[in-house]
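Shown next, in structure tokens, is the structure this report addresses.
Naming follows writing order (A, B, C and D), and every chain is counted from residue 1.
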Amino acid sequence: MSEREVALIIGGGPGISASCARLFSREGMVVAVAARNPDKPVLEALEAGHGVHRYPCDAAEPEAVARLFEQVCSDLGRPRLVVHNIDGRMADIFRKGIIEADPTLVRQVLLNSSFSAFLVGQQAARAMLENEPDANGVRGTILFTNASAALKGYPRSGAFAMASHGKSGLAQSMARELGPEGIHVAHVPIDAAIGWTQEDGSRAHRLAGTTKDDNMADPDRIADVYLQLHRQHRSTWAYEVVLRPWLENW
Amino acid sequence: MSEREVALIIGGGPGISASCARLFSREGMVVAVAARNPDKPVLEALEAGHGVHRYPCDAAEPEAVARLFEQVCSDLGRPRLVVHNIDGRMADIFRKGIIEADPTLVRQVLLNSSFSAFLVGQQAARAMLENEPDANGVRGTILFTNASAALKGYPRSGAFAMASHGKSGLAQSMARELGPEGIHVAHVPIDAAIGWTQEDGSRAHRLAGTTKDDNMADPDRIADVYLQLHRQHRSTWAYEVVLRPWLENW
Amino acid sequence: MSEREVALIIGGGPGISASCARLFSREGMVVAVAARNPDKPVLEALEAGHGVHRYPCDAAEPEAVARLFEQVCSDLGRPRLVVHNIDGRMADIFRKGIIEADPTLVRQVLLNSSFSAFLVGQQAARAMLENEPDANGVRGTILFTNASAALKGYPRSGAFAMASHGKSGLAQSMARELGPEGIHVAHVPIDAAIGWTQEDGSRAHRLAGTTKDDNMADPDRIADVYLQLHRQHRSTWAYEVVLRPWLENW
Amino acid sequence: MSEREVALIIGGGPGISASCARLFSREGMVVAVAARNPDKPVLEALEAGHGVHRYPCDAAEPEAVARLFEQVCSDLGRPRLVVHNIDGRMADIFRKGIIEADPTLVRQVLLNSSFSAFLVGQQAARAMLENEPDANGVRGTILFTNASAALKGYPRSGAFAMASHGKSGLAQSMARELGPEGIHVAHVPIDAAIGWTQEDGSRAHRLAGTTKDDNMADPDRIADVYLQLHRQHRSTWAYEVVLRPWLENW
């Protein structure tokens, strides 16, 4: 079992998750990424280039999340940093009006985002409460990525507003409950589209129709903030950090 | 089919739902109440005393909610006022710490509260968009009751904070989307325990351990506010009204 | 001295103040309006048509506000309803960028809006704490009108955002402090331009450049909400009610 | 004129201001501190130990603030980092009920805190708009320290709630206005008492009656966050960071 800190990232996209995995790895942590499909090229590249460990997990399933934490604890050790980076957005429901949204998909968005945040938060708390406090008195950090929809309920976005607000309420409750136990819970709504530089040098982004490079959050810079939050002294913890680009309209 | 306004209340407890049913009925509306068990004595008394129509409905089930609206529209006419009054709180999860909460129950809380609000809101919007605007230009009012947990994520209350925040995000999105269509969506967090006078004159309240009568919201007064919101002129709609007793600590 | 309730409105424009004066008067209250210039035609018309009492007062001056309350208490009796309806907006500073705003005017906006709210709130509290509780246990109601700038700091609006947020913070502190004393303090941000029908039937509004009638708050309807707040049962007080027209973008 | 970045700190106490001055100086910046009395021992020690430049300034006076910026620009160069660190709290008004507070002092608190933030923000913006963008496209950073009273209007704290909320509204407006110009405006409410280690090793703190060391924010750690904000990439700017100790009740 390693002396190095273990970081576990739930959600395996090419944006924030990949940026976090690379940064945490460069900072000397043992990094695991869990995704529904751990065999995506982006995750294979993280393994090849940064020694990242890949795990399969449907984070909306209680048993699957319990198994994931057991496996990671047994393979790598108890994590000191867990990032929940699933927003549950689905193309089929995006920008649908309230009467158009398919209830089955809405339910899935809610379970993939809010409920999976609960499951991951619960297992992370359970594991971290057994960690010895570090020199700073801290047992671990749990970070929840969120979206603009956590800050405001936009029209034609009811399902996503519900799921994002739900995740926000959970994070806030956990922060108040676990702070005095030495676990730093923080909530990071990214109030912008997220863009990143692809291998061919072109700019990729999540949302179709967005063209201004300037107005997208760079996931490498988001990862910097996550690391700062993990290293923040417990006398001055931030609970919520909303990140948005300089040109974003808010 | 009646010329009178139809009001549909989802959730059939002895507090806000019963107070609303009595008031709306006294104000000349045709009133329906839907509950998982419509044969509860409190609902039978509303039928006997106020002509309230009772319907069975598990509001977390898409089909059941669709059937409820079909039935009410066919029996009584399309509603102009819909109140979602389910908070999904469950004794088995109340004040449980994050690592103690049973995931199966947490999921149920989320579906009973947030997801049922979506299902009810969707069917209400669908029905109301077919209403002719009234003299005031309004097609209908959708009210979401909520709890303190919608305003703040309290410790040892993660599941409930998640479900209540989710409902809040949904309501806000619906208000922005449906306002320009002439549908008034409002969100009413009750930041207090709710107490009411029982038939024997004693004071009943929802939460064990609360003893101060003075510090509980009276559901008859909450119903007054719901009626004011329903009658509010569209030039000055309130979206959110937080109600709390004068002695409440906030 | 009258048995009728005394209402005192600070700020004497043709919008909310006039609407409140007319409504409170129709509801049987003795109504006083204080303005820097009490001889404006709109106020003379309120006296002629509704028996409204007019008082001169520069509400940013401690002595002037103290004298006003002394005079009103002595002439009409201690008020049970006080409305602070000054926003301090000044044409010369409106939509000015941060580096263009004249510090002397900014200071004046801050004193006219925030500081006058403190002075009025202080004198209102002092007078009401001597009122006997009414049947509902209430000694009085203090209402603070506010603007969109209390909800969000818009660009090119720094002085006004500062003054409006300041008034909001004061109101919230007073609500928490005075609620348990039986004084209902409420804060009413009007998130819209305010328009009203002039004597010639045309539509007047405060802000140049606004043309949509539909998208302005009607001050008569705002006055309705103020009366509801004054009459609200203390078991279910609302502290903040944001009012906006159905077509408003928020 | 130096090639080094110039940082100007307004407010010269032994807590955040001194911690910032030491850190910014260690990071290679030219540091100036302005205070009503620049001859306080804590400032003399900063000069002696860290080469900090001291300036006299009553930050509630327009002319004084204009002169300060002229002098600093001329002596040291245009600042790229300005910290407004005055909260205007005064012992004579602390925890006073609304009817006890002396209006003259309340006015002073408002001018010392909110209005001085405007004056400093205005001069800082004026200077920075003339800065060449750095490699990151940024012309400068303006940071406003604030207090718990900016987040919530506590009872018996009306004047302070007003002043703190006012400062918050100003900062938010400035952030929206100046972001697209490449100036990062951020607001940092410290939701806690602030404590620090004195030269004799004992723990000093601002508020009498606070005894738990664990529950006070360490100003050296606050300064770390200020530096992170100054260095934050413009694709992911945080506007507001609330800092509180792990044991703080919120």
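The rule is simple: contacts are C-beta pairs under 8 Å (C-beta built on N, C-alpha and C of every residue); 3 or more make two chains touch, one makes a residue touch a chain.
Fair warning: this is a prediction, and the values are worked out from it, not measured in the lab.
A.B. asks: Could you tell me which chains make contact with chain C and chain D both?
C.D. replies: none
A.B. asks: Starting from the Cα centroid of chain C, hunt down the chain whose centroid lies farthest away.
C.D. replies: Chain centre farthest from chain C's centre: A.
A.B. asks: How many angstrom between the C-alpha centroids of chain D and chain B?
C.D. replies: The computed centroid separation for chain B versus chain D comes out at 46 Å.
A.B. asks: Using mean C-alpha positions as chain centres, tell me how far chain B is from chain C in Å, no decimals.
C.D. replies: For chain B versus chain C, the centre distance works out to 32 Å.
A.B. asks: Considering chain D alone, which of its residues make contact with at least two other chains?
C.D. replies: Within chain D, residues 176 contact more than one other chain.
A.B. asks: Touching pairs of chains, all of them, please.
C.D. replies: A-B, A-D, B-C, C-D
A.B. asks: Could you pull out which chain D residues touch chain C in their complex?
C.D. replies: Residues 62, 97-99, 101, 103-104, 106-107, 110-111, 114-115, 117-119, 121-122, 125-126, 129, 149-150, 152-159, 161-178.
A.B. asks: Can you list the chain A residues touching chain D in their complex?
C.D. replies: Within the complex, chain A contacts chain D at residues 137, 176, 179-180, 182, 184, 190, 214, 216-218, 221-222, 224-225, 228, 232-248, 250.
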